[in-house]
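Read through the structure below, which is laid out as structure tokens, and then see the notes.
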Amino acid sequence: MRTFSTKQANKVGLPPGTLLYVGAPKTERPIISVTRYNGDIMEEREDIGVESCCELPGEAAVTWVRVQGVHDMAVVEALGRHYGVHPLILEDILNTEQRPKIEDYEDCVFIVLKSLGMEPDGDKLVIEQVSIVFGSNYLISFQESGEDLFRGVRRRLGNPKGRFRRLGTDYLAYALMDLLVDQYFHLMGVFGRQIEELEEEVMSEIAQDTLSKIYGLKRKSLILHKLIWPVRDMVSEVQRMENELFQDSTRVYLRDLYDHAVHTLETIEVSRELISELLSVYLSAASNRLNEVMKVLTIIATIFIPLSFIAGIYGMNFKYMPELDWKWGYFGVWTLIVAISGTMLYFFKKRRWF
Amino acid sequence: MRTFSTKQANKVGLPPGTLLYVGAPKTERPIISVTRYNGDIMEEREDIGVESCCELPGEAAVTWVRVQGVHDMAVVEALGRHYGVHPLILEDILNTEQRPKIEDYEDCVFIVLKSLGMEPDGDKLVIEQVSIVFGSNYLISFQESGEDLFRGVRRRLGNPKGRFRRLGTDYLAYALMDLLVDQYFHLMGVFGRQIEELEEEVMSEIAQDTLSKIYGLKRKSLILHKLIWPVRDMVSEVQRMENELFQDSTRVYLRDLYDHAVHTLETIEVSRELISELLSVYLSAASNRLNEVMKVLTIIATIFIPLSFIAGIYGMNFKYMPELDWKWGYFGVWTLIVAISGTMLYFFKKRRWF
Amino acid sequence: MRTFSTKQANKVGLPPGTLLYVGAPKTERPIISVTRYNGDIMEEREDIGVESCCELPGEAAVTWVRVQGVHDMAVVEALGRHYGVHPLILEDILNTEQRPKIEDYEDCVFIVLKSLGMEPDGDKLVIEQVSIVFGSNYLISFQESGEDLFRGVRRRLGNPKGRFRRLGTDYLAYALMDLLVDQYFHLMGVFGRQIEELEEEVMSEIAQDTLSKIYGLKRKSLILHKLIWPVRDMVSEVQRMENELFQDSTRVYLRDLYDHAVHTLETIEVSRELISELLSVYLSAASNRLNEVMKVLTIIATIFIPLSFIAGIYGMNFKYMPELDWKWGYFGVWTLIVAISGTMLYFFKKRRWF
Amino acid sequence: MRTFSTKQANKVGLPPGTLLYVGAPKTERPIISVTRYNGDIMEEREDIGVESCCELPGEAAVTWVRVQGVHDMAVVEALGRHYGVHPLILEDILNTEQRPKIEDYEDCVFIVLKSLGMEPDGDKLVIEQVSIVFGSNYLISFQESGEDLFRGVRRRLGNPKGRFRRLGTDYLAYALMDLLVDQYFHLMGVFGRQIEELEEEVMSEIAQDTLSKIYGLKRKSLILHKLIWPVRDMVSEVQRMENELFQDSTRVYLRDLYDHAVHTLETIEVSRELISELLSVYLSAASNRLNEVMKVLTIIATIFIPLSFIAGIYGMNFKYMPELDWKWGYFGVWTLIVAISGTMLYFFKKRRWF
Amino acid sequence: MRTFSTKQANKVGLPPGTLLYVGAPKTERPIISVTRYNGDIMEEREDIGVESCCELPGEAAVTWVRVQGVHDMAVVEALGRHYGVHPLILEDILNTEQRPKIEDYEDCVFIVLKSLGMEPDGDKLVIEQVSIVFGSNYLISFQESGEDLFRGVRRRLGNPKGRFRRLGTDYLAYALMDLLVDQYFHLMGVFGRQIEELEEEVMSEIAQDTLSKIYGLKRKSLILHKLIWPVRDMVSEVQRMENELFQDSTRVYLRDLYDHAVHTLETIEVSRELISELLSVYLSAASNRLNEVMKVLTIIATIFIPLSFIAGIYGMNFKYMPELDWKWGYFGVWTLIVAISGTMLYFFKKRRWF
């Protein structure tokens, strides 16, 4: 997970609208699938070529083109030409470092969102850009990898009794956005469990890598915040958008979507604060352990240093040292030693040092 | 108290409006009670079935249906069908992870709020979602547990001389919200006492678990903030809402409710800052205690290390050591020891080390 | 000074508009005084009963009723009934935990403000709620304690040549608010001096209770912020209010009041940041002192530990130790000791350890 | 530099509009100078009395009255009466604790700004309040001290060919504000150099007073922020002001002034954050130094404590200790000592302790 | 890289519109180049004099004048006079300490932006001010250094088939701004790698200068934030600007530019938070290392101090010490020593001290 990408830097000096793929190819060749449906019928074609995709008749049905893999500029360009998409949109589709956003181009609407997941070992975020362009009777969705993100939506379309099929492209766009935002809840759950595990670790037993784990979580939370923050603005913008492509019946669902985005954001905010606090707690805990160590050292040293001094005194070789000749001298020294250490232990106990 | 819930994650890919209960069942079976009243009469039926509930005549009275336990989808669905409630509302009622919100559906108004309490031992927050739907002559309130949250409101309705009975469903909705928000004051009081106890603990005697107590309070304050923050916006939205279900006579009460929500939020803000500060104070206090320990060690070591050195000198076995043969040599060493330790004690006293 | 009050919690479940005094009685029985004035005359009656207060003729003069002590519900209710005050206002007057606010009830305006002071020993804030209701020809001010807060305003009214007497109730309300806000400046002065004393303490000599003093100031600053913050919004709201009770000639004075409130708030903000910084400085200073202590320990130990080792060597009882029989052995050891300690002292001096 | 002033506290209870000087007199007696000019002529009279100032003919020229020293209420009152200035303005002029602000009184505009400087030794801020009142043909500027702040503006007026003379009082007011804001850049330069010096001090050699220097800078930055923050709002308000006293040709210059104010504010923000970070760096550096000290102590103690133990063993007086009689026993002990200390030094070197 | 510049301070007291170069000359003499183009032709003249530049015929083509080096006031003034540019614009061009901004002068638009780079060794930011003035048929760009910043734009103009040549000065201005903002992405990439290197350094091995590196990055991030923050407002202002010089076809590109500026800002925000967190992590890591050191000291001291005491005891010279005469006394002492140290090592192991 690189926080700071330099990929976009390669574009310095190129004209806007230049089609240049920015990002590593995540699938070997782009897979194009088409789903066409209306109230009565539904037809699916998987992995077809760009040409046959463009030859489909443009009748009064919703045509949903799914492109998996955006590193082949020719594919994107051909689709763009066929549907009359603005060059800036095509540029943004290829540039996988876009911020989530929505743009109103009157005859079509362009949406950029991120699909967010966590690798199975929980170490890295998996970020994939999803771009959606839709007009009155078509919707094209672009994603980076070959994994089918929208299986759930297709399953629902498959239900012939569902209301879904009778609704337009705006509802399909909403369904795709809703599915991506629902992912965020799942991610926040995974993230939350990681924080809870770390909390227990900090409170009980600190390992070598606890500090870098905390820092890693902080970093993840900052990136998530950066990625999800614009989603809120975006959905709020959709609600206010006057484009006729969005029908009133869809708007009530967008309000729901907005609520979900805000909910996720608030959870991230709480996470960020908790992790920051966790670092302070870690520092306090480290300080406590230093205290523990110092106390042991102090107790041992404080007790034995004076005792060693006494032993040292009677190890002196002075000719005239009256105590040395006393019969009970040696036992007297032992008595003194026991008395001194007893007093000290009492004193430490009172100060609650152990 | 889990901060991050993954329950909602199960819904990824399901169509919006799908009725799926999200949350653990808090009561064995839903209890449905109905209160019907107008200016003249009031009638209560406790724990009736959904069918008999729907068969009540819809005359010109206020019908208040209370559902305790929302894990039985059939009950929610039946009521929804009977009163013509939008599917998105029913979905939100079942999803107990909702943010507090208010939604205007023209013929009805939908309100989500949280009932907040603290477990008797003060360790965990008890969070329960309350959903309220009301139209011109009915109000349905849903809560998760079997505990009767709205006893206070029913008691007031029981007063035949009260103005309450002559007012509409909007005032009943207000009364329910007001009761929940009043709970927050109680909670903030409990929370405040916990902070005060912790303050005293940090200032005087730090226990093993003080640090995790501070962190726990911080966590609670973040969750409370997250839960109460939307209430402010929500009440502010009610005031601006143009829905005719809210009468002018009720709006003046809503202003009062808004004030209460803001008051609670400000108290939480103060709590959050105090707890953050408390962590710093804890760190300072820990540092102070380390200082204390170090001073004792330093005083003991600094006094006895030189003295032991002197004893060591005269423990050497050199053939020719003139002091050893002096008659007052031994007593001279004692004099030296007393002088050195006296000087040091004076020096430490001056530096205010003890 | 309790930050978190649970008093309001007792009201859970009571209908809004229920008159219930929330707060400890601060005076034995309410004292009611009335001042009536217009351009020509002024008449004062101190400590009269509620009945005689209500029997005063309502001619074209300003009637200012001052109630000191709001724990007697009967008094508040009687006045409310006489002047036709809305039940929610009366409830708010009795609830001394209100946020500062202003409410427009068309025929009257309701203002809640706090009188803020510091106890003579500077340890506790003295917070007293002042409620003001005024209509076109009357103004009632309620305060909690028996101390006369508004002596200054009455003195000014006493001046027969002043412009004050010829102005309406809105100007009187402004004068009362202005007097309370002017108090805040005085309080900020006292508060500022406390911070400055603490700064000197932290920078020079840290006492046992410095830490809890810093925390106490932080707490006070948070409470002051919470109490004064709404005053700004409130005054800003007065300026925008369209109620005809506020005349244009008074509005120019309200702008001045707004400036004062903002000024106080900014001073509190600076205080808060300074105190937070002070805690960091305290931590740094504590760390510095630990450094000092450690240096002394290190110097003493580092010098004497090797010397004691040398003495130990020549205290060994080996049969064959050639140095022991040397004539100048003893003096040689002393020379070694002086050389070692000299080198070390030079080394420490160079490292600027003392 | 006192952060918190209690001067204003003396005004509690006085009517608004009461003329009472708040602040220490900074000049022995007020100096009044007048400059009158139009496109053709310019006439200057220095240090004249208030009476002669008021007797100047009010022809179609710009009359600029400069008052240096505002502690003589009679002077301010006389001028106020002559030019018909609102009592609230006069009160604000005398109160040198005002926030920077601009007020529109229809026939005149009132401006309060601060002149900010640094004492030559860089220790204290020199804050002086400048009040400006101007109508269509007069402008009165008040300052606290006897130093002529506006020399630069008078020099420019002295140029007979300049456009300045042909412009109105609004441009003169702008020129005065511009001169004061330009001062802020100078101040930020001085302030920035102080931060840079402190950075070097913290990074290299920490002195006794570094901590209090950091705190002092923090304090200065907070005060500067508090003083300059309102200037931004003020200039922004001027731009939106609809008063006809401001001509369109002047407005383009005000935009420039706004930019300068924002620039200064941003520099202060950066300073504040840098100083806060500096305190953390200081704490880290102190912790590093403690580390250094501890390492020396640990190396010395860790090496010599075991060695002394060995010497102690062979200093025991047991009858039967075979090693004591060995011929090479003594040299064997020395070999052991060298071996142990060598191993330890190697171990410390590997851990990079020195 | 000086954070705080005092250059502008020299201007105190000068009239606005005074042409005074503020900044060090970065190139020996200004280089002026002109590019003229329309749909059909394109003509370039490099390094020509100001006079010949002004003599170019003003026909219906776009004339782009590039000035490299702004320290020669005569050049700027001559160009300004030729194109009728407002004196305040000329003053701002010479003052290289301007904030990024856009100003609408009706017949022309004035833009200030910063070109931001990093020195090859990554230690210092290279900041260069770029000013752009354009009217309906001319655009003048000013930069400080002799390096040609706009090579990329000229290359695109060189393409005779490109759409670029057929567009107006507004698109050229956009192209220049776009190129500068694209630089920021490159810079953020370099900056991000520096943070990542530092992260690894803090987590693994801390060097002498790690602390000052962290502080340096923090400083850089604050300066970048200060410089890029106004760009966002600026681009947002362009979009709302009603000046007819901006055509609708260009506005869609400006939206893209806005997105880029926001993206950069968000990356800086993340950087700032990461660096702040890094300082805390550094402090924790330093504390951990102190802990390590203390543990070694404690283990050594805690084991040997009691052992040395035992040796001391039997080094005493008392006449009557029964153990000394025991045959197995010496070996008994060794057994005791091994037993004690074994117990302690077990105890430390259990506490996980090593």
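As written, the chain order gives the labels A, B, C, D and E, with residue 1 at the start of each chain.
Assume contacts are C-beta pairs under 8 Å (C-beta built on N, C-alpha and C of every residue); 3 or more make two chains touch, one makes a residue touch a chain.
Here the structure is a predicted model, which means the values were calculated and not measured.
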### Task
Would you mind pulling out the distance in Å between where the CA atoms of chain A average out and where those of chain D do?
42
### Summary
Rounded to the nearest Å, the gap separating the Cα centres of chain A and chain E is 26
### Summary
For chain D, residue numbers touching 2 or more other chains are 280, 283, 287, 290, 294, 297, 301, 305, 308, 312, 315-317, 321
### Query
What graph shape do the protein chains here make by touch: line, ring, star, complete or other?
ring
### Message
Give the chain order around the ring, anchored at chain B and oriented so that chain C comes second.
### Response
B, C, D, E, A
### Query
Which residues of chain E touch chain D in their complex?
2-6, 8-9, 11-16, 86, 88, 92, 97-99, 101, 103, 211-212, 214-215, 218-219, 222-223, 226, 229, 276, 279-280, 282-283, 286-287, 289-290, 293-294, 296-297, 300-301, 304-305, 307-308, 311-312, 314-317, 321, 323-327, 329-330, 333
### Task
In the complex, go through chain A and note every residue touching chain B.
151-153, 155-156, 162, 164, 175, 178-179, 182-183, 185-186, 188-193, 195-196, 199, 203, 252-253, 255-256, 259, 262-263, 266-267, 269-271, 273-274, 277-278, 280-281, 283-285, 287-288, 290-291, 294-295, 297-298, 301-302, 305-306, 308-309, 312-313, 315-321, 352-353
